[in-house]
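These notes are about the structure you will find just below.
Should a chain be cited, it is by its letter among A, B, C and D, assigned in written order, with residues numbered from 1 in that chain.
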Amino acid sequence: MTQRPSQGEAPLAIELRGISKAFGPVQANKDISIQVKRGTIHGIIGENGAGKSTLMSILYGFYKADAGEIYIGGRPTPIPDSQAAIDAGIGMVFQHFKLVQPFTVLENVILGAEDGKLLKPSLAKARKLLTDLAREYELDVDPDAVVEDLNVGLQQRVEILKALYREADILILDEPTGVLTPAEADHLFRILKGLRDQGKTIILITHKLREIMEITDTVSVMRRGEMTATVKTAETSPEQLAELMVGRKVLLRVDKTPAQPKETVLEVRGLRVIDDQGVERLRGIDLDIRAGEVLGIAGVSGNGQSELLEVLGGYRKAEGTIRMNGQEIALTGSASDARMRRMQGIAHVPEDRQREGLIMEFRAWENVGFGYHREERFGSGLFMDNTALRTDCEGKMARFDVRPPDPNLAAKSFSGGNQQKIVLAREIERDPDLLLIGQPTRGVDIGAIEFIHKQVVALRDKGKAILLVSVELDEIMALSDRIAVMFDGRIMGERLPSETDANELGLLMAGMTGKPVAAE
Amino acid sequence: QDANPGLIIDLGGKFDKSFNESAFNGAQRWAEENGADYAETELANEAQREQTMRRMAERGANPVVVLGFANASTLDVVAPDYPDTTFAIIDMVVDQPNVKSIVFSEHEGSYLVGMMAAMASETGTVSFVGGMDVPLISKFACGYAQGAKAVNPDINVIVNMTGTTPSAWNDPVKGAELTRSQISQGSDVVFAAAGGTGIGVLQAAADEDILSIGVDSNQNYLHPGEVLTSMVKRVDNAVYDTFTQAMNGELETGISVMSLANDGVGFALDENNADLVSAEMQAAVEEAKAKIIAGEIQVHDYLSDNSCPAF
Amino acid sequence: MTDALPKWADILLIPLINLILALVVSGLVVALIGKDPFEALSILVTGAVGSAYGWGYTLFYATNFIFTGLGVAVAFHARLFNIGGEGQAALGGLGCALVLLYLPLPHWSLAIIAASLGAALFGAAWAAIPAYLQAKRGSHIVITTIMFNFIASALMVYLLSRVLIVPGAGGSPETARFVESVHLPNAYDVLPWMGFSRSTPLNVSFLLAIAACVFVWVLIWRTRLGYEIRAFGQSEPAALYGGISSVRIIMIAMLISGALIGLMAINSVMGEAERLVIDPVQGAGFVGIAVALMGRSHPVGVFLAALLFGALYQGGGELTFEMNGMTREIILVIQALVILFTGALDNMVRAPVERAFLSARKRPRAPLPTNPVEPGGHSDEKKVEP
Amino acid sequence: MDYAGLIQILDSALRLSTPLLFACLAGLFSERAGVFDIGLEGKILASAFLSAAMAAYTGNVWLGMFAGILASLMLATIHGMASITFRGNQLISGVAINFLASGLTVVIGEAWFGLGGRTPQLEGAARFGELTLPFADAIRGIPFIGPIYADLLSGHSILVYVALLCVPLTWWILSRTRFGLRLRAVGENPAAVDTAGVSVVGLRFAAVMICGLLCGLAGAYLATALSAGFVKEMSAGRGFIALAALIFAKWRPWHALGATFLFGLLEALGNRFQSLELLGITIPTQFMQALPYILTVVILAGFVGRAIPPRAGGEPYVKER
């Protein structure tokens, strides 16, 4: 690995001149120019679909630009494919990781960068190098672990290791913290700072202004395929950036009155889940949620939150008892359970909108009935009433400001934020007694986050019960009326937002108990 | 002299080295000898049977010869619509005034080659490979077994069928494997009645140095000195005769049986198998042939009751 | 990419170019074996669609392919690859024949209803076991349906040579002819003035096939069940979340698929052969796969693709009949090339055509709409909603 | 059944499973790289034809074999063009290739030989002979081991041994070489391979070509070793059975050996025990002939769990739409 100490007046690591890119009729990048100095961290922000990922993918040779030039270290460097980018010292961690799931960490790291035709020597060499890198940058991962068994945080480390293994001088990270816990994000930032101090150049795409302010040296703002501004981070503020991004003033805090909880809506006792591999995922959960309050579940992902949501949503088998409005509900996890839940007044915004919440190939109007498609309002007898669905969809799109408000577009054609609004509209407008909502703003830009948070608070104020699961501590702190922390399938403790802070919650999330409340 | 005969080759194809090929050869012989022409086409699928029969008739072909049992019920419907056309069907009886039905006594021919197999066998086990387990093929197998048992009542006759899909008639690989399996069970003479699959049977027999018996056409030449004989079924003669009779205006409808008596079936003897067929064997078979013709030996026809006394 | 191509180009121009390419290559093959490709083409086309006679056969074959194509398509919507059409159609034939042989049915109108039930029931039953094994045991449906094709053929040979065979009728492995009263009216009976001959195999089951197209369209795009089938096919995790039972959808989709394929027997067994023979399917089960794939699993697409294949079958038959020395397998070659060019090499033509259209329209185009939501790649859907 | 009978059945199973094994490994390469191939059948058929035709023409079986491989490679190229270059539907392309092979073999065969698509019968050097392993005759006498070596292992065409060698070779390539690692990766996540700087198109084409090569060997074995010439449609569904075996084997080389041998064994058993009498009832031949297929279903349902194909299988790699 080459290590160049940063010099006084840093030369340019990257310069893009006049990059344009169209996907068919969509102009994703329009005449974009940008300069990034060596040894700095450069942030890029912008709304969903602004063209950030596209621009970086062009720099990495994943897409080919229609026009424009790329200069690396001052020299014009055509990058027709990723190999050229790697040769130019560029590494990229994509928003959706490019890992081979059933491979080990080691295999993923050497893929494409093997020495020689046989694997054995490559693997041996990589193993050694990996240990060195891990030590140097605090990037520990078991080289023999299979990637699909790793949580996202560790998978991201593998991606970073891949880049470092290829001796990248320039590291691009596309929304790296979207899936990380605060602790993991902090860790990542420490690593990034360490890399910068070694003279590496880092480009960071994120939707989180806090991160921009915390770590970047300069920041560029993109809007609708164009680069609208590049400023020094020290000379700007989150409010200014938000306005540059969205084109209007954005409220960065959640405004809400104190909760007025009423009767208990959901009562969970001794909930246990054992998955197909025989692993106990939930080890006896007790919870109460009352009407008119938001119960936030904090925790590092993979500690049972997903399973909890799935059980409550009716599509995972469990033991224990759950009462909804005083009535016990079935826990067999069969399809009829999931249907019954909806009738019993439980709505569910799932964590993964693209995998579960939406049928990506269906049009928007088909998606607004999903899960409720057997209800009278969407048809009679055997038939579906497509007109009713379309009308319903138009209303929802208007009320939830889905853009573009075209019911005939396929779900996959909407940006993430707008996809989330469609799901939200579907579930909230069902007028449920209890809303389960998982990772409501993952990967969503700040304009949409503001909107989604408002909706959640409004529903609470209507006297509904809300169970919020999120890995974003900020979000949990801002929205919850009570916070429960999950670790390893147990509730480690419950806190009031006013009486706790990120530090204490962070400790609980790491399994270090303050005072145990729910778990046995 | 205004005969313009037509021949419809059946699904197996013109060059199946067997049934269809034999018919084609008969037609060719007629054409060459008479310097005349005839219409000919090949069926591509089941649904074309009726279509093609009608096309032939409407084109003015007369007589129209169709091959194989599968045409019977179609012809039964088509024939009345073309009273001026004479049809001939081979291997099946269709009871219509303008249809000549030509059936073969395959069981008799098979009986004779069964006798030869039993006499040539040193192991006391002979075998049979059929295409598909359908009655017509069982007719071959049954005659063969009867002949073998007539020579040696204790003889073991192994009967195998290739498969149940259309590829059963085109699978020489499987035919060869069946033959090898039979050899391992002691068989040293194998009789194949399985279309293209039979090629594999004869090949495997030659490879493993046992004797084989061909079918329909004379297949002795395929492996000279290793094919004991062939149970010939003179489809070529049937077609040739039909064409000739029509040309001479003496074509008669009704049932015509091609048997040992009129050399409609028989066994092939030529230079390729001269060394394999001993004088003694030949004499015995000729004697049996005479007796069958005279009615002294009754060879059971499997089709008469769908069962066989010999297995 | 929705905007790249106008609709007419997408559904007419591109398939047409593909078809022409397929015919050009077929022509080369014909020329290569020393025959005149132009003569062949003209025989092919006039043979298929140049006369009432040709239409009678073209539509007859198309009817078979519509049924099998629809069946495969319904399964495709649930992301199930049903290769078992051969077996299911054969069993459909059995069901149809049993009804017609053993029930006293005075009139064809009654008979077609009873026989349809029998055919659909048997076809569905033959699909049910692979479906059950897939749903409950995860046994790969591609293997099980292939195996069931072989098992079906064995069953058919057994039944027809041992059980249903008419004793003393010469040993042909087929059932007796159905009685005259269940004879389906064919095109000649119904439309004699259009020049159909008495023997035309085209019969009223063509109407049944069209009805089946409508049925499938309604089922898939208008019913709750169809909605669930499509949802399940698009995303299993989402179906789980949405309370859609995978076992139920797999079973129902395969049962419907098998039933539709079984119905082919109404055309081939009841309408044409009027008896059951050993292999009443003749590869239509496999052609159904090609038809469903080319028709993009949409009933209209299936109908058109079936028509094309019907025309190729009939035109190809004429070709071997009319052109001396033309082997009948030439039809297979032409079919293969049509499948290849229209089905698999589609993008070879599409990409340049799209580029041409895009650059032609680029100049007058307005800038992007305000919110950067992109009407990205839903070219498949446009066939979904007629 | 006696020991010799058992050896014979295993011997037969070995022969019958060889084409399946070639084809199964062929499919394995292609599908592990993410390209589904239901056109195995067509490639086998094309190779069987051209190998027999060339062997008949030149009298040299090796030339025949290379011609067969060439034919199969040509179809593989079409499949590659359709499913990789032009990102078409892999199933459609496979179906088309099967039809194409069925048609062309007969059309061309008829034009060349005029034997209805059949090739002339192959003799002598135009056919693969049987290879006798060293000391086979000496060892035959030893009880138990002798027959296994001399009758079961010895006395096959060289291609049988090649097929058997292909199993460890495939395993070694996939698990021990750079190429294998990349090939497996491209079947699981082509984007990972692409962003790692390796050509997805190149890898997939390589895999499809290896598939063509192996199918070519399967076809040559059918026509020039097991039989002595080409008969139309002589592949007789073996490509589909190989596909079933591939799924059965969960896309793994050693499992492929097991699965194809099982299929071969079931067929050999079906050949051997066609007329079985149980408790005085004669089981119909047709039942015995269907038995291998019934058993496959039973085994699949009873003992083999869900088979998870390579994740990117069947989908063309599309970056931009």
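Definition applied: a contact is a pair of C-beta atoms (placed from the backbone, for glycine too) under 8 Å apart; a residue touches a chain by one contact, two chains touch by 3 or more.
If you want to know which protein each chain is, UniProt gives these names: A = Simple sugar transport system ATP-binding protein; C, D = Simple sugar transport system permease protein.
Since we're looking at a predicted model, the values are computed, not measured.
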{"item": "Shared interface partners, meaning chains that touch chain C and chain D", "value": "A, B"}
{"item": "Relative to chain B, chain with the most remote C-alpha centre", "value": "A"}
{"item": "Geometric centre distance via CA averages, chain C-chain A, whole Å", "value": "45"}
{"item": "Computed distance of Cα centres, chain C from chain B, in Å", "value": "37"}
{"item": "Sites on chain C at which at least two other chains make contact", "value": "1, 150, 154, 157-158, 162, 327, 331, 376-377"}
{"item": "Interface hub residues of chain D, defined as touching at least two other chains", "value": "116-117, 232, 237, 284, 286, 289-290, 321"}
{"item": "Sequence positions of chain B contacting 2 or more other chains", "value": "133, 164-166"}
{"item": "Full enumeration of touching chain pairs", "value": "A-C, A-D, B-C, B-D, C-D"}
{"item": "Footprint of chain C on chain B - complex, ascending", "value": "41-48, 50-52, 54-55, 69-70, 72-74, 76-78, 81, 91-93, 103, 132-136, 139, 164-166, 302-306"}
{"item": "Residue numbers on chain B that touch chain D, as the complex places them", "value": "13-17, 21, 133, 159-161, 163-167, 170-174, 176-178, 180-181, 184-185, 196, 199-200, 203, 222"}
{"item": "Chain A - residues contacting chain D, complex", "value": "23-24, 60, 62-63, 81-87, 92, 94, 98-103, 107-108, 110-114, 116-120, 122, 162"}
{"item": "Chain A residues within the chain C interface of the complex", "value": "23-27, 47-51, 224-225, 313-315, 334-339, 341-342, 348, 350, 352, 355-363, 366, 369-371, 373-374, 379, 382-384, 386, 403-404, 409-410, 412-415, 418"}
{"item": "Of all residues in chain C, those that touch chain B in their complex", "value": "57, 60-61, 150, 153-154, 156-158, 160-162, 165, 167-168, 170-174, 177, 197-199, 201, 268, 272-275, 277-280, 282-283, 313, 316-317, 320-321, 327-328, 331"}
